[in-house]
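So, here's a batch of structures to check.
Okay, so subunit A shows up in both of these, paired with subunit B first and subunit C after.
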Partner chain A sequence: MKKIEAVIKPFALDAVKEGLSNLGVQGMTVSEVKGFGRQRGHREVYRGAEYQVDFVSKLKIEVVAASSLVPEVVDAIKEKAWTGQIGDGKIFIYPVEEVIRIRTGETGEDAL
Partner chain B sequence: MQALLSELKASRQALMKAFRAGQETETFHERHAAIVDQYFRRSLEESASRRRLFRGRSSFSIVAVGGYGRSELCVRSDIDLLLLFASRIPDEAKSLVQEILFPLWDMGFDLGYAVRTVKDCVALAKKDFEVLTSLLDARFIGGDSPLFLKMVESIEDKVLAKRRDHFARWLRDTDILRLETAGDASQRLEPDLKKGIGGLRDVHHMMWLARAQHGLRNLRELETSGRLSHAEFTDLEKAVTTIRCVRNHLHDLSGRKNDRLTFEYQPGIARRLAYSDQPGVPAVERFLGDLHAAMATVKSLRRVVTRAFHEQTGRRSGKEPREKISRGFVLRRNEIHFPSATAVLEDPVLMLRIFEESARTGTPLSLEAQRLVREFLPLMNESFRTSAEVGKGLCGILSSDGAAETLDQMFETRFLDTLIPEFGNIRDRVQFDTYHLFPVGRHSLETVRALKEVGRQKEILLSSVYLELQDSQVLLLAALFHDIGKTGSNHARKGEALVRRMLQRVGLEPGRIEDVAFLVLHHLLLQETATRRDLTDEKVVVQCARTIGTPDRLKMLYLLSWADARATGPRAWNDWIANLVQELFFKVLHLLEQGELATPDAAKVAQKAWEDLQRQTAGEIPKDRLEKAFDAMSSRYILNTQAADMIRHVHLFERYSGRLALTERAALIVDARKDEAVGCWELTFLAQDRPGLFSMIAGALTLNRINILSSDIYTWRNRTAVDVFRVEDPGPGRVPEEVWQKVEQDLAKTLEGKLSLSERLDQKGGPSVLRRPGRPTRIPEVRVENKVSDFFTLIEVFANDRVGLLYEITRELTALDLDIRIARISTKADQVADVFYVRDAGGQKVEGAEEIEAIRDALKIRLAQDGNRIEQVASI
Partner chain C sequence: MNAADTVFVMVSAGLVMLMTPGLALFYGGMVRRKNVLGTLMQSFMVLGIITLEWVLWGYSMAFGPDYGGVIGGLEWFALSGVGTSPSPDYGSTVPHLAFMIFQCMFAVITPALVTGAFAERMKFSAFLLFILAWATFVYNPLCHWVWGVGGWMGRMGAMDFAGGTVVHISSGVSALAAALFVGKRLGYGTAAFIPHNLPMTITGAALLWFGWFGFNAGSALASNGLAANAFVVTHIASSAAAVSWVLVEWRHRGKPTTLGAVSGAVAGLVAITPASGFVGTTSALVIGGLAGLFCYGGVLIKGALGYDDSLDVVAIHGLGGIWGALATGLFASTAVNPDGVNGLFFGNPGQLWTQFLTVVVTMGFAFGMTLLILKVIDLLVGVRMPREEEVKGMDLALHSETGYSF
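Now for the complex of A and B:
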């Protein structure tokens, strides 16, 4: 099992969600995050005063999937979150040691 | 004893059954208390301990205290009992408790009891006002009644008589504490039915105070002693019944003593109370709306009653307060009063005036004034509501510093909804979710409040935008009415129509009505666009800017979005959303202030262009074809092109479409027109847009030794490039029409890939027609600028003019993989200052320092080389 973590542009969420549920991904965690990568924050000057925006608003989605499904999940995110513009985001993949569903005690892929 | 218990159980079950069937809902608490009373009386008669106590000459009585004392026994309320003894508590008391109280515990009642002497009661009540309140509610159940009376008298003489004012202050402090801990229940989506402000505790507070100050025993006496009007008393009683009934259902459904009406129980209770869904308004939202209204009534009447009592508390010192007259109203104790009740009767407009005066001076209406407003609401007839005074009055109130507080009072007295009946429809509308913290009416007031307090924000951008507004009243009106359409779905559109009608009725100027209606219709635009659309997509921002039209409207919309979200709840606005909305704000602002939409009425210009086009081509071009062409035009094109030219271009586009079907990529139209006044030519090129097209046209002109004076290039949305070049006359000895034909042939071949312009131009050995020996050569200057536009990098080139210059520049830009989207070519004497709006192959701005350096260097080298070459040619 792998955890796929992707930082994407906010507007792309619905498309990504739909793409993933088409793959049969059962659940995901979404959080509002702020940060910067190559797309730095920027500075605005308004009537002589400066407004520095250090961090850009993004969404982070986290999905845990069976290892065999990972390439498809990654492709789906890549396809749906792509605009070709700077700031489209990044995808990170981590190994997951174990999953436990609290209610039933199921473990492993059954618990996904 | 066992028989009594079974009887208690059976009666209780019967009562519950009736209650669940919708009977006895109003009197449940009294019936419930009576059943328990019955048990205590009968068990006392049968009690062996009682007989032993009797024999030992210890007199005692059983007293109901607290909620049970008030006969307000809800489904899961505690039963609080006092076993009162005269002077000494005998050992036998313990067995009495065991005998008659313990079985109730076994049955699952929440039972609290105390065994005290009269002296104990007095001592405790002095120390702890909580105990005092429970004793104020005391009710005799059985035993020795003179003993009970003695206790009541002792409390009166030894506690109340001495500590009346202390007690009143303590009560007031507990209200403040309640507001902090349980909040204002009349505005909460998960209200605390008992301790919240507007909850049952408010009624208790009223009664305790009335009891302590005047010896009143029940709600009814508030009316009979003239402290509440009959209408107020009726409203209060109805409201209390509603809240109590909901509380009983909540206890029953949750199976415990639970006073917080959380979301999970709301739909169930709405069903039990027979609320049904209506189009756009679920049953649960209607139920909560009614409940909030009831709690708001309790809250406001409690204030009326307790303020009057509390004032008396302070007034014993005797000094009469000073009075001041202000515009016909009386200012006293920092409150504003009507001159008299008859004055209002004679001139109901005073009701509006007093609120204006209250907002102007920052003084709240006195209780008496509020009551008069409430009583005289029926005087506000249709002619009052439709007078222009109303519009002026509202605007005046909104611009005053005290606007938020005055609106609160207008809302609580229901003056606002009588004035604007549409507001009454949304007043108590609740949305059943965790997102909206307040009912719609309160939310609207909070939106206004947020704007009035914008200066206190850390975020100085908001306050500086606010200060720049041309007409902040428009924004404040929109804030007050932005959700006026929230009586069902699609509220923004519905609200727009409603607000137009309302504001016309009250005589607002048409221009301002337009602005308010616009803000109401689009109050979600910025936030929705910012969170759901791609802000790096130019089209998204341009679309937004087109809708908004002017910087001033944008600023108002930005402030409204912020205030609306802030007044919705903590989940509607945070830094994350603020960031996105701010980004959109700046991008749209840049477009409106500097970009192609920088004209004040871009939308109107476009509309007019469309009408002109239709009128002037009537009959020549079928409407659907015309529409297709117009839809394809970019806004920059529409705003910068004369109607006559537009019509010509539409005809050209018709011809071009025909060719496009045949030849696709190579389709081309060249149209030439002589501008007799200036003596130059205007060439219009239509072709399919592609990187390098501009350079190709410039090259084809250069090849034919034509000097370019200026150019406008447009790309329509259907990828048709419409490029207009103004060029010099070909010069003596050449027939212009032939030259243009040659240009078209060369360009067509280039588009087909059959001609290499650069090769042919190199063969020609550089343009030499415009040799001007001996003239000073300006060192070419290149600037790369990223601040002006959010979507383009600007490249500015300053150099000496010559044939082929534009071609050289654009060829270099194309070679650098830059896509030229807009070009502004201008020539003054022999100097050119050209501006190119470019993007890289990926459609992004060029922002890397290295890339920028590369562009600058490449252009400088190219321009310097050619400049040198010309000088060399010239010196031969």
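Now for the complex of A and C:
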């Protein structure tokens, strides 16, 4: 099993969620984060004073899937979160040691 | 006693009262999230404490029997002798208590204005001592000089219909003294201090605009044509200033902003305050329009001069008040108020000089006294929050509360 972590533009969430559920992915965790890569921040103006705000709002999606499903999950995210503009985000893949469903105690891929 | 006048003065007192929580929201939205409650708390404490101060000795010092043109005595301590029958000198057609409570709301909001200068870094005990001392030793005398019977500025012919000098110049200049004495916030100049809740600020500004009708029109102390004039010119000046600030900012910084729109509106309201019972509608348009421009400039100068007047009390209330007081000397017309005099544009240059003198003396007095008061308080309890507390934020450090738990 692997964890796929994707930092994406916030408005892409619905499309990515739909793409993943079409693949049979049954759950995900989403958090609101700030970050930047090559995308510059933006300028805010308050009473004549300019501020450069470097951090941009993003969403982080975390999905754990069977290793065999990982390439399709990555492709789905890449397709649905793509705009072509700087700041589309990144995907990271980590190995997962164990998964346990709290309610039933199931482990491994049964717990996904 | 006149029923219509009485209703009007009491309703106006209610409107002015609303301006203090309005100010709290206006300021609260502009500070950082960790200081929102601390900022709101200051305005609410001013309401409580200065009301008590006012009804005990403040009203008597400001409006009581005159001593040397300089101060009122304590004959009316705890409102002794201040009852339901009208005072012959103050609001002669309304209960004396109604006039007193109307003035109470002015006495409350004025020190509340000063808090903007030392936002986000003042010790709570020092703040309580400061507002009490400032109200007693700066506001009360100044109020007596301009509006008290026998007060020397009033006798000199100073025209201040609703508080350009007494409220705005005093608080604006005191804010400058306070900002200089208390020093800059940690991180000022390097970190970005961005308003954390502009919708709150805008709500506060709306309440201020609304309440200001009581502030200015109510100062006619009667339900009459002069009150209507004050009401209308207040609205015109505010509108003109909001528009002019937005236009200037758009040109200067490339974007029109909501903070600019409401700051402009407040600047216009400040400027028209002393003039509202003396100038006509077209004059109000000019006064307001220029207030937006001048006060915007005042905000920019702050950056150049390098003091941390966190919420721009100096630029908006100080500069706006000075412009308003001088504008009264320019635009006043006996056609509007036969009990006033004409200003320079209506054939009487002398009034401008009187206004100028009033402005200068007020500035010197407020500045000096504020520094003195802060020095004493600093020796007694220390004025500034310790560094770690300032970083932690007022809400947790001073009040053990969090503003937003979602």
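Miscellaneous remarks
One rule holds for everything that comes next: the second predicted complex is superposed on the first by the 107 of 112 C-alpha atoms of A that agree within 3 Å, B and C clash if a C-alpha of one lies under 4 Å from a C-alpha of the other, contacts with A are read in each partner's own complex, and residues count from 1 in each chain.
One rule holds for everything that comes next: contacts are C-beta pairs under 8 Å (C-beta built on N, C-alpha and C of every residue); 3 or more make two chains touch, one makes a residue touch a chain.
Quick caveat: nothing in here was measured; it's all calculated off a predicted structure.
When both complexes are overlaid on chain A, the residue A:F55 reaches subunit B alone and has no touch with subunit C.
By the touch criterion stated above, A:Y46 is placed in contact with subunit B and with subunit C alike. Counting the residues of subunit A that each partner touches, subunit B and subunit C differ, and the larger count belongs to B. Touch criterion met: A:T83 reaches subunit B, while subunit C stays clear of it. In the overlay built on the shared chain, the residue A:P10 is in contact with subunit B alone; subunit C does not reach it.
Common to the subunit B and subunit C interfaces on subunit A are residues 44, 46-47, 49, 51, 53. If you check the complex, the residues on subunit A that touch subunit B are 9-12, 14, 32-34, 44, 46-47, 49, 51, 53, 55-57, 83-87. Within the complex, the subunit C residues that touch subunit A are 192, 194-195, 249, 252-255, 257, 259-260, 263, 296, 299-300, 303, 312.
Residue ranges on subunit A touching subunit C, taken from their complex, read 44-53.
Against subunit A, in their complex, subunit B makes its touches with residues 460-461, 464-465, 468, 531-537, 574-577, 579-580, 582-583, 586, 842-844.
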